[in-house]
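As written, the chain order gives the labels A, B, C, D and E, with residue 1 at the start of each chain.
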């Protein structure tokens, strides 16, 4: 199997305070073609930052990065913007953790969902794009795709916005989908639909997925492999079943023990 | 680290520039190298020399001494006008945006009225009621400046008002005034500060413009603005007469804007 | 004694017009909702995404104008944990300021006391003192969410609306925060409207549960009634998706 | 060939102010308007550049010995700008209009003395006065307008002068054109545009860029900056510039105080500071170009003498000086500058001057009409070629005695001057008036300001007048 | 529909309020139109007669009412100093000023947008720093002084235009445009400096938002992110300023018109105030108020169009 993402010795350091802060240290992570990798861990441990780095979106100059991130032949850490943009929104798409602020408040949903298509598939006509947009909106269980298509972000509920983010990321068929807590604001029925959808696109298009989540049950049903992060390092990683059934690291054990139980 | 240093660098530059203008101005209140009013035929239009570093004007008065004295008046008018104008303008803008409805309508109409009223006529009315003088200019200008601040603040407030953090503040028991001025205002400070700087410039220059009405500083006293406009007569033959007061204004404004940008 | 009583609440929003001269159309989001929350009770609210839970929460707290219907509440400083921590934290204020805000407004505490309490609360939600001087933009999603929770708990109010308060927290922290909420609820006889998608969390926390769909409450009852013997189809579907029913 | 050249010729003259009062020469008042209308309208007589009255609409003018009956003979073939001949009816109507006492007094104050205006025949007009007045002829420069304009039948602006009015655009320009049917020496330049230059600071640029060819009343600073494309002609403004003192205001009601101020002032120094020494010092309300009346010796009465001034002040009870407010119309830069220097000069005798700049209209109402002021700096001009134009206002009962000057001796001398029918005697009385003004230190007299005129070297022939006038008709293209 | 009617009523009230204030202002300031007309030949009797003729003896509110009823009939009265109908007097000038304002407005936008964009995108580099300084200096140069400098440098030294050679738009529109370029530039530069400072600040703030990251993630080029996302958001504070700037340019052209010898409203407004020619002042102010109101209305509408959140 082909390796699609290779992260080696990634370190991320912040420089915007008097003291430099290292938030990710020597992180290694590989994702192969068609694989779904879960990334779980403590809140604030650096999951989102790792994901952003992999997507080539850490460009602030007060952040110091080192290591290697190789996505399908592109160096995501240091490549020029022109090169990155060939990848972003085309071979790679991102579902952001915060759907509220990650949508442009002044643009209609439809426009935002269609944006990657507009950039990377200029051959599509406007109506084709719209059809595709409505299609993905429906796929993420938005019941009135027309209304959503014509709404502004502030007119949608939290869950709807999150689904819009998902739809936008899936409007094209990326090789790698980075999903940063994509289902937190969704009710369980929709959550399950989304999980099915993700499995589906993996199956039909061979898309690899980096799935960041706190919901270990979702991770266990969706992912092939999982990595557990704490304090900027991956403390444990491996096959989902193995990790969940035989956690080795203290933190992993604690994590699994904290899953709320319902005794009916 | 690097970034913090750069910040200080701008701030220091701003402080230095402001000091270059303000220290002589403060000293000028108590002491000037030469009397600023007594005339000397022998020195009429004298070129810069060691004893008169900026030369002398058409009455043989030392320009450096006059700039020392004039700066403080200019500073007073600039700061005073902007202070009152932006204070009242911000209040008006904040209240209209925050409460909306009738208050908004009425205050914005009043605003339109002030804005349509020629400042010249306004200044004349002030002279008629209060007599000529520095403070009269200050108030006439401040009133003329209110609408622009009110408009800018209103626009920004409208945008902020709909955000969740405002609602959260309300739940945290903050009173309306506190919400407006402690919570919202800091978020529009950047825009407000750039309009305050604009206003400072305008005030300094408008004061010069009003001197031909005989309000403001009356000769032989001088402000930087009035020195500049007097110098226009000699623009071709003695451009340095305009140069020094002009430079002083520019340095003053530049210094203040650097400081306020860094502080904000 | 009910701390909150909601009677036949209706709310609708303007629909985005496609053409300028189109007639304004409305969508009804809440279609007549009635319920009450007793003192010292945690009421779980579960429902389809987009069915109007957040709208209901905001309406209860008076953050959205109510058209018809009534909300009667008898609590002094009702608090809300917003679903979106980013938008609800003032970007220009430090964590320390944000957390002190309710204390400043509603108590007479001195600065030192306030700071003490803030530090304590920060610890309770699993954040260290280092975060006091951070701005919201410098926090991770979960950290922001914890700051919002902390703020809403500062005053020890009698009534709290929590709109998906723990959705982006990892399970260990989640457990810690839930324990905190439960603890506070016991000690201060706090009433909570707890909105969540996580049926397990709701089960752990709430004695009573309401299920919402399409702007209506389709089912409500005690935890056991709902989880063991659901009547409504949607409820059944929910439980099934969560793996709590076959 | 010369005729042809003048067909094409044109000039653009910059003026500082638009004609804001009226294009009707009977209703206009300001000096700025007068100097423009001088080219369009003429009276029965008109002043020449030597300061003499010469016949204009009338070909002959005469009076009886005691100056009660004035007889005018209409010039043959004289025409208005529409080529209609001027008739005696036009003359009578014009004079009657100015003498009409309705609307609060006659348009020309002196015409209240007219008993009757009659056309003797087709060519002769006789004016009879109530009281003898040998100086009356100076008033007859009042413009002659068509009778049907006066009756309101037409609003067309028609005069008999060398230029006819073509059009105007308020605050922009006034267009004149040489009148072919002019009776006298015809204007040399065909097309004239009087362009209003609102901003004094742009005058130099306007001249240098060739946008205007001529500008009267430059300041020395402006004149210095002009290139050698321009000729700078120097004359006087024919204004009495002084610190006018409100004689009714304490402590200025004390002649010793007024004298002290006169001793403290130094006219030459003022000129040195404000106009590079240009200008003519004066000692009373008369300017040098009225050479017949001007008394240079009065300049020497108050030479700067600080000790004497201090002494006078002590005598008057102000050994430590006093505060004096000088109100100046802010739009007249030269007066403001004079004020600045005066302030310094008065410091020497502890008179603490406050310069109050006000806008022209406020000056008119507060200072001039309401006489609510302490002192002011202004230049007073003469509307006619007669000493009376300058001296009448100091009669204690005169309407326009804005300084509240009150001297029985002056009133007597002035009355004698008006009454006398003998020219030498009259001149003597006028001189007495001036001496009294000086002695009483009515005002702190300063100067008749220098008038600098920039004229593009393409043109020549400019003539100065002893009155506030610009005679465009004399200007011609340089060879 | 009702909002439109409300706006119109509001505007009419505003205009009435300004003109009423002008009446009051003229009542307060010293000097009167009759005196202005008579000048130093005024006597008590003549003044009284002229006042009667001008109708100045009547009480303030009667005059105001008269004026309003005249305006309703489309009659702005007669100018005291020029003895001609006010509309005739200021008609062409009003248009000239309007064109000048429009011209400078366009220039301002043409200057502002590219410079602030470039500068904000290259924040911190040499060009940006240079721009910031030049901008500060531009803001500090008085309009009249700037106008003089422009005319001096471009008119006198480089002879790019003939100073004072104003051509009326009715004579030659292209001549008009090429002459007006310079005064328009003189007006536009300081305003553009302000606009740049506002837009720059707004852009720098806006870039920090999360949605910008989203836009990048879709493969937008920096330009794409900028033009499609940031710019529109950042323009919101600018819109307010632009609205005011346009109205300001109409009333603020006074100085520049004088410097460049343009027969616009500026000079006549100034002289009419000094002459106490209030029919003229009134008409001009109504004209300016009209623009103020319209530009504010446009700003409000534009807000609503651009920002769905304030709808």
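Just so we're on the same page, a contact is a pair of C-beta atoms (placed from the backbone, for glycine too) under 8 Å apart; a residue touches a chain by one contact, two chains touch by 3 or more.
The structure presented is a predicted model; accordingly, all values stated were derived computationally and were not measured.
S.K.: Comparing centres built from CA atoms, which chain ends up most distant from chain A?
M.R.: Farthest by centroid: D.
S.K.: If you tally contacting C-beta pairs, which comes out ahead, B-D or D-E? Let me know.
M.R.: Contact tally favours D-E.
S.K.: List the centre-to-centre spacing of chain B and chain E in whole Å, with centres computed as mean CA coordinates.
M.R.: Inter-chain centre distance comes to 21 Å.
S.K.: How big is the gap, in whole Å, between where the Cα atoms of chain A centre and where those of chain C centre?
M.R.: Spacing between the chain centres: roughly 26 Å.
S.K.: As a quick test, compute the distance in whole Å between the mean CA positions of chain A and chain E.
M.R.: The computed centroid separation for chain A versus chain E comes out at 52 Å.
S.K.: Calculate how many whole Å lie between the centre of chain B and the centre of chain C, each centre taken as the average of the chain's C-alpha atoms.
M.R.: 48
S.K.: List, in ascending order, every residue of chain E touching at least 2 other chains.
M.R.: Each of 29-30, 144, 148, 152, 210, 255, 270, 307-309 in chain E touches at least two other chains.
S.K.: Multi-chain contacts only, two chains or more: what residues does chain D have there?
M.R.: In chain D, residues 201, 331, 359, 362 touch at least two other chains, as defined above.
S.K.: Residues of chain C that contact two or more other chains, please.
M.R.: 16, 84, 86-87
S.K.: Taking the touch rule as given, give the residues of chain C at its contact with chain B in the complex, in rising order.
M.R.: 58, 61, 63, 77-80, 82, 84, 87-93, 101-102, 105-106, 148, 151-152, 154-155
S.K.: In their shared complex, at which residues does chain E touch chain D?
M.R.: It comes out as residues 29-32, 35-50, 53, 81-83, 89, 93, 144, 148, 151-152, 155-156, 162-165, 255, 257-261, 263, 267-268, 270-271, 274-276.
S.K.: Give every residue of chain D touching chain E within the complex, in rising order.
M.R.: Chain D reaches chain E through residues 18, 20-22, 29-30, 102-105, 109, 169-173, 195-199, 201-202, 205-206, 208-212, 331, 359-362, 364-366, 368-369, 383, 399-400.
S.K.: Could you pull out which chain B residues touch chain E in their complex?
M.R.: 105, 108-110, 112-113, 115-118, 120-122, 124-125, 127-129, 147-148, 151-152, 154-156, 158-159, 162, 190-191, 193-195, 197-198, 201, 204-205, 208-209, 225, 228-229, 232, 235, 242, 246, 249-250, 253-254, 257
S.K.: Provide the residue numbers of chain B that touch chain D in the complex, in ascending order.
M.R.: Those residues of chain B that touch chain D are 37-39, 41, 44, 58-60, 124, 127-128, 132, 211-215, 218-220, 232-237.
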